[in-house]
Amino acid sequence: MIQQKEITLPRLGRGYHLITSLIEKELPQLPEKGLLHILVKHTSAGITLNENADPDVRTDFESFMNKMIPENDPVYIHTLEGSDDMPAHLKSSVIGAEITIPISHSRLNMGTWQGIYFCEFRNHSYGRRLVLTIYS
Amino acid sequence: MIQQKEITLPRLGRGYHLITSLIEKELPQLPEKGLLHILVKHTSAGITLNENADPDVRTDFESFMNKMIPENDPVYIHTLEGSDDMPAHLKSSVIGAEITIPISHSRLNMGTWQGIYFCEFRNHSYGRRLVLTIYS
Amino acid sequence: MIQQKEITLPRLGRGYHLITSLIEKELPQLPEKGLLHILVKHTSAGITLNENADPDVRTDFESFMNKMIPENDPVYIHTLEGSDDMPAHLKSSVIGAEITIPISHSRLNMGTWQGIYFCEFRNHSYGRRLVLTIYS
């Protein structure tokens, strides 16, 4: 069976945000076994699984990814939408804009230290849209 | 229900190519709700979602990824297959070789600005093979 | 139908390991058509598809990824868990911690040269846990 829901995130600033609880609140009663797929419907944001405990990890993600994929790199020709735009597109494909998470015993079956990160790569963004699909 | 199809892409040069329409033409009538999974059956190519409007974005992807993961890096020891080979393997795992896209109302449910990029990382390649799997 | 199994990998050292056969041995009789999803339940390890022939490719992955995402970068503030910890988190999101592989004719349908890499990013790790989900 497929269940599907489209949601709009609250406005989140540039950076990496732990959204596990927010996603869980949006989900219906989960099946005993299955998979949850999440798509971010944008090309300058991303979604990934990572450490859910120390917020410094999310700060380091922002700092290091900005260094690895910098603004104002001289190779960029797509520059009209701002210095944060082309790096945002690159980060979106390097981190990824969709993930799949197993469901077991009617819960998301991640590791103890895993959480869902929503990654906002633009300076100024509006409510980002996600498609949640559960298959069981 | 699972539907599956294997396709061969036309020869595309090194770079990032928007293949959304090409994929849509290969798909059967889509189910009301479901998911489409696409696997690239190669280790020197990739697939990702990104901006479907300005072709400069695809040019910048090629330029920047070549800078981030360069040819002839002194650490490489796998060099016999050409200077473009080892960077191609690395890019394939950094960008990814498979994606899942939700299907809603019998259409691929992506954002307005999202398209499917096929990423060819080698200088000389032949018809690349993809596995399309629809589950509904 | 959904089938699910959780497994513990044998202790593997830091680096990139070809685990295709190991995964295949853990799987039940595969359905005629379907998909296999694999989640790594950790935030300092990864999973990806790449070249299954020359072991030098795996060596180059380790060398190059250590250069692209180095230890002791001055931007890191999450440093208490060791110099290999923050780079491990970053690599886990850049490479990814979950993949989906199509099943056709009751076998994993990958390219001839594709294999499953388990990527251990920490110096000292214990038995890493994976969730295998088959849907058909």
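Just a few scattered comments:
Order of writing sets the chain letters: A, B and C. Residues in each chain are counted from 1.
Keep in mind that, in the parts below, a contact is a pair of C-beta atoms (placed from the backbone, for glycine too) under 8 Å apart; a residue touches a chain by one contact, two chains touch by 3 or more.
All values derive from a computational prediction rather than experimental measurement.
In a homomeric contact, the two copies may use the same or different surfaces; for chain A and chain C, under half of the interface residue numbers are shared, pointing to different surfaces. Rotation angle relating chain A to chain B: 120°, from a CA superposition, given to the nearest 5. We define each chain's centre as the mean of its Cα atoms; on that basis chain A and chain C are separated by 20 Å. Multi-chain contact residues of chain B (touching two or more other chains) are listed as 68, 94, 96, 100, 135. Against chain C, in their complex, chain A makes its touches with residues 33-35, 48-51, 54, 56-57, 59-61, 63-65, 67-68, 94-96, 99-102, 104, 109-114, 117, 135-136. Taken together, the chain A residues at the contact with chain B in this complex read 2, 4, 6, 37, 39-43, 68-69, 73, 75-78, 86, 89-90, 92-94, 96-98, 100, 129, 131, 133, 135.
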